[in-house]
Amino acid sequence: MNVNLLEIEDLRVIYKTDEDTIYAVNGVDMSVKNGETMGLVGETGAGKTTTALAIMKLLPERTGFIKSGRITLDGIDITRATEHEMEAIRGNTVSMIFQDPMTSLNPTITVGRQIAEVLQLHEKSKSSSEMARSVDEMMELVGIPSHRKNEYPHQFSGGMKQRIVIAIALACKPKLLIADEPTTALDVTIQDQVLEMMNDLKERLGTSMILITHDLGVVAQTCDTVAIMYAGEIIERGRVEEVFDTQIRHPYTSGLFGSIPNIKVTARRLNPIDGLMPDPASPPDGCGFYERCPKKMEMCGKKPPLFPTEGNGHAIRCWLHGDCARRGDGS
Amino acid sequence: MSALLETKGLRKYFDTPMGTLHAVDGVDLAIDGGRTLGVVGESGCGKSTLGRTILRLTEPTDGQVLYAGSDIARFSAQRMNAIRRDLQLIFQDPLSSLNPRMTVSEIIAEPLRVFKITGGRDEMDDRVAHLMKTVGLADRFANSYPHELDGGRRQRIGIARALASSPKFIVCDEPVSALDVSIQAQILNLLMDLQEEHAISYMFITHNLSVVKHISQEIMVMYLGQCIEKASSEELFANPLHPYTRALLAAIPVPSLEARKKRKGTIKGEVSNPIDPKPGCRFAPRCSLASSECAGEDIILRESGAGHLVACVKNGTSS
Amino acid sequence: MREKPRKRSQFQMTWRRYKKSKLAILGLAAVAVLFFSALIIPLFKDYDTAVEQDFSSRYQPLSAEHIFGTDQFGRDIFIRMMFGARISLLVGIATVSASLLSGSCIGAVAGYYGGRIDEVLMRIMDVFLAIPNTLLAISIVAALGQGITNLLIALAISQVPSFARVVRASILTVKEQDYIEAARALGTPSARIIARHILPNAIGPIIVQTTLNVARTILNISSLSFVGLGISPPTPEWGSMLADAKPQMLQYPHLILIPGAAIAITVMAINLVGDGLRDALDPRLRN
Amino acid sequence: MIRYIGQRLLMMIPVILGISLIIFSIMDLTKGDPARLILGEGATLEAIEAKREELGLNDHFIVRYVKYIAGVAVGDFGRSYRTDAPVSEEIFSRFPTTFYIAFLGILFATLFAIPAGVISAVRQYSAIDVITTVVAMLLTSMPGFFVGMLLILVFALMLRIFPATGISTWKHFILPSLSVASVTMANFIRMTRSTMLEVIRQDYIRTARAKGASVRRVIFTHCLRNSLLPVVTVIGINFGVQLGGTIMIEAVFAIPGLGTYMINAIRQKDIPAVMGSVIFAAIVAGIVNLAVDIMYAYIDPRVKSHYERFTKRGRRDAGKA
């Protein structure tokens, strides 16, 4: 059996503001194996980024809290780790890339020094010349000539900046890379270049990856497994082959596929999902998708559907499917 | 048949500290009544400037914009304002394009007031209510402010405003790229329905090729201020001729697994900017087929098959 | 069936946000009390009692008869304080209104039309801004001679450039917004664009600046009076009261503490209102 | 960079001309005859007329202004009507006093304000934050001369630690500097706090945290430098203004600095003295601002490349002309 690098069990995250409590992540279970790329798909407000920040333990202080659940990364329970322990883990075992490359780099520090910083933090034994060599190596690896290391972020284009961000994230050869919409802000041709490079590096360094995206196309091109999030829950997960090449899907997943204009298929009208995501400040009692679901049944509005917490097969959180349907009948 | 809207040699240059930026550099296009022209390109290709120049939100440097036969680029400000009733615009960012101090109904009523379309207060209210219904906005939002609504509804307000004066031509500048996928599809469907009902022509500006295929009959691909390929939607996707168009198509991540293994060679490098460009093909520095023929003199659009125009000297040499 | 919520006016929305801040409410209450008492004080006490000297009752301590005691000329400090408030508030508001009016005209013209006009107007404003504020005011007072009107003119002129700048900046910010382009795309006439779209959105920072400038002007009035170039004795003015009391401040500290506190409290209250307005006037903040 | 400095210095000339014209006109409007002021009340009409002729006061306004500017261009600021000493000498003899007070005042303010602003931003809503905010609010609401009087009352008259007036020893400079500090400090604190809060929210701070950097490291290596940029500008501008003479505070402490010189000159219609000191103050403020801008370029690389573009455009325009 393959060892899971990351295992998340029943993760719940809330944001507390002056007025109300936002239920951002409501019981997420997922796992990532060594060397595997998982696509985490969902729309704005689905809880993708919150899940990622919970893994990094970088939720906003004073407002964001992990309410319950366990996050086991490389054998360590992150939810119980102290801030000091987390500092040793971040950038070393797990790193994260954020969406907007234009603002992810410190404008007043040279890119070379920003790459070097992560090495200084985690590979203290290295001499300064070794360190300098590693920086050069990382820059060449992401396709930027190393003589540009003394330049500042504003001297690079968006795509180049994202390459530098990737170099920082991979400098200490982490076991897990979390990439939060790494190419959304980039043009398609640049997105293509960056994704290909990330895939290539990931394979060379044997890194596992969680790729957060709203683009099912990106998932199809780069991921091994996929988890689809909706209103703070994972509503479907499985290997990409199982999710993409099938007609048995969660109604929301079907809706997502119906919403994408596909250049390979000629269809005049799209089949979007009507309505909006439920208000995360007052989540519904039953299934989160109930209001918008074209196949809703009476029980869906009352009881949230169950989800197999173990196993890595294709799973759908819906009263209409598999395990859920059977258990639903039984009760 | 003469087109509803046509541009001839349209140019828009900007002076920058670094030199003259050729944002739109000699664009010819024609859009028939009730049809959609998709304008595709990456950031900095001049597609938004093209839309704004056609609507004279920035003054063209040179060239003609023919609307129903007359050159509106030469119109006086007064005449231009009168004709704006027919020519409307939908923005990319729905929030920043809506006045934060006006309610939804006030925003939609604004064109009615400006063009003095409706008579009394009641008629205006009815018309606003009707427009809100048309774009799928519930009545209860009439007195809300834009920041209180979600992105999809905000974009519906923008559409209702553009629709209020019963225009014949609408420039849609990336109207769905700020929206989530499921909302995106709702808005695209709405735009298509409106076109069918009211026979409006669209110029649909976007960076997203899959969206543009869906909505337009004709597509124009822009690179650094110039049109480099133009064809009907089916033709362009079935038989892309310009190396840049091919690269663009190849770069789109397709949500199916068949395309997965066959990774095509992507284009190298990044878009520069059209500041004081040298004559010759502007894509040449990134093009794998580039040779000495590509530099020296400007490459013009040439017909290659029925209605398929392409600006490439190599056209047909490789597939 | 029509159950759409009623339209809430901009004022209601601003007020709802404003009253969330306790400090802002406190400031507003203090300003209101000050205004009201400054307004009604002549109904109870003659102005003459604030200026007439009575050497039989000099330096009296705080008592029921004289709440804040009396000064070196035997005048009731409390009454002088209240008449002082009238002067500070009156001159402060009049000054700021005058400079706001002329400053906004210059700023609005420069901001809306841009180009050469903008260039020329702003260069002139830059020159004025390069002269320290108090210095400019002092030299104008010196040129025109002392007196409340001249002080008002001097302070107003010295504030015009800062208003012109704020108005121009906020107009430029709004002018760049997409909704202005949307209005232009509708063929909206310039006058309507300014009235309906630019002004309502640009007014926030201007209101805030106006409030904060009233506070600053009150400081300036007292400063100028302190060096004898503002309002001259025996007119009750906080700054000149401080100057008068300076030689005896060790023996009679309340003579400086009371007017000093009056200035600080007034200015602070107005500043609190300004800060509250700054937060409340931003339409992008929810609720 | 040198080209940029040169351009900036050249751009100061029209500003100085504008300022001098404004002040010259204002002084011209001022009531009172300088000749009579110089000669005193008892002077004969003939003597006054002769003096007017000697001072060139009978010339047309424009002639006098142009003569004055011509003198300034070669470094001649004229002679004071009151003392008959060259104005430039008088200014230079008073400048060090004003400089010490302004410098110490700004230094005290900076030393206190930056740590206070940083701490209150990092510990937002904590007790320290609330106290700092209240102190800042109180300080902005008090006129500088009143703070000066309070300091005299407490430290000079009651505790007798520092002298109340004069400039003979270093001790004399402490209270005036503290008054200058109190006037400027509040602004610095607010500025530091708000820019710091803004920088803390930036994405690159999150990137730094994601690298595994501790909160302390992130604040010192990433936040501080970026958030101090606007603060540096504000400090510079305030320093420039204070160097031009801290009129009110010099008045409270009876300090013979530039401020006192200026105000006496204005009162006595000593036109050369007024003109000289105002122009001097403007030049000093301009130079300080330029120095701040240059410093800025060394802290923020984006600004530096902006300056380089700025001069490139200048060269292009020169090429066209």
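All chains are identified by letter, namely A, B, C and D, in their written order; residue positions are counted from 1 within each chain.
Methods note: a contact is a pair of C-beta atoms (placed from the backbone, for glycine too) under 8 Å apart; a residue touches a chain by one contact, two chains touch by 3 or more.
These figures come from a predicted structure and were not determined experimentally.
> Could you name all chains that are in contact with subunit B and with subunit D at the same time?
Chains in contact with subunit B as well as subunit D: A, C.
> Report which of A-B and A-D is connected by more C-beta pairs in contact.
Of A-B and A-D, it is A-B that has more C-beta pairs in contact.
> Starting from the mean Cα coordinates of subunit A and subunit D, work out the distance between those two points in Å.
That gives a centre separation of 53 Å.
> For subunit A and subunit B, let me know how many angstrom lie between their CA-based centres, rounded off.
32
> Between subunit C and subunit D, tell me the centre distance in angstrom, where each centre is the average of that chain's C-alpha atoms.
23
> On subunit D, where are the residues touching two or more other chains?
none
> Mind pulling the residue numbers of subunit B that touch at least two other chains?
There are none in subunit B.
> What residues in subunit C touch two or more of the other chains?
Counting only residues that touch two or more other chains, subunit C contributes none.
> Hey, which residues of subunit A end up touching subunit B in the complex?
These residues of subunit A touch subunit B: 43-44, 157, 159-160, 187-193, 195-196, 214-222, 240-241, 244-245, 255-264, 266-274, 276.
> Enumerate the contact residues on subunit D facing subunit C in the complex.
By the definition above, subunit D touches subunit C via 14-15, 18-19, 22-23, 26-27, 29-31, 137-138, 140-146, 149-150, 152-153, 157-158, 241, 244-245, 247-248, 251-252, 262-263, 266-267, 269, 274, 278, 281-282, 285-286.
> Write out the stretch or stretches of subunit C touching subunit D in their complex.
123-124, 126-128, 130-132, 134-135, 138-140, 142-145, 215, 219, 222-223, 226-227, 229, 239, 242, 246, 249-250, 253, 256, 260, 263-265, 267-268, 271-272
> What does subunit B use to touch subunit C in their complex?
52, 55, 57, 80-85, 87-89, 91, 93, 96-103, 110-111, 114-115, 139-145, 147-148, 158, 161, 165
> For a test of understanding, state which residues of subunit B touch subunit A in their complex under the given definition.
Going through subunit B, the ones touching subunit A are 42-43, 150-152, 180-186, 188-189, 192, 207-211, 213-214, 234, 237, 247-257, 259-260, 263, 266-268, 270-271.
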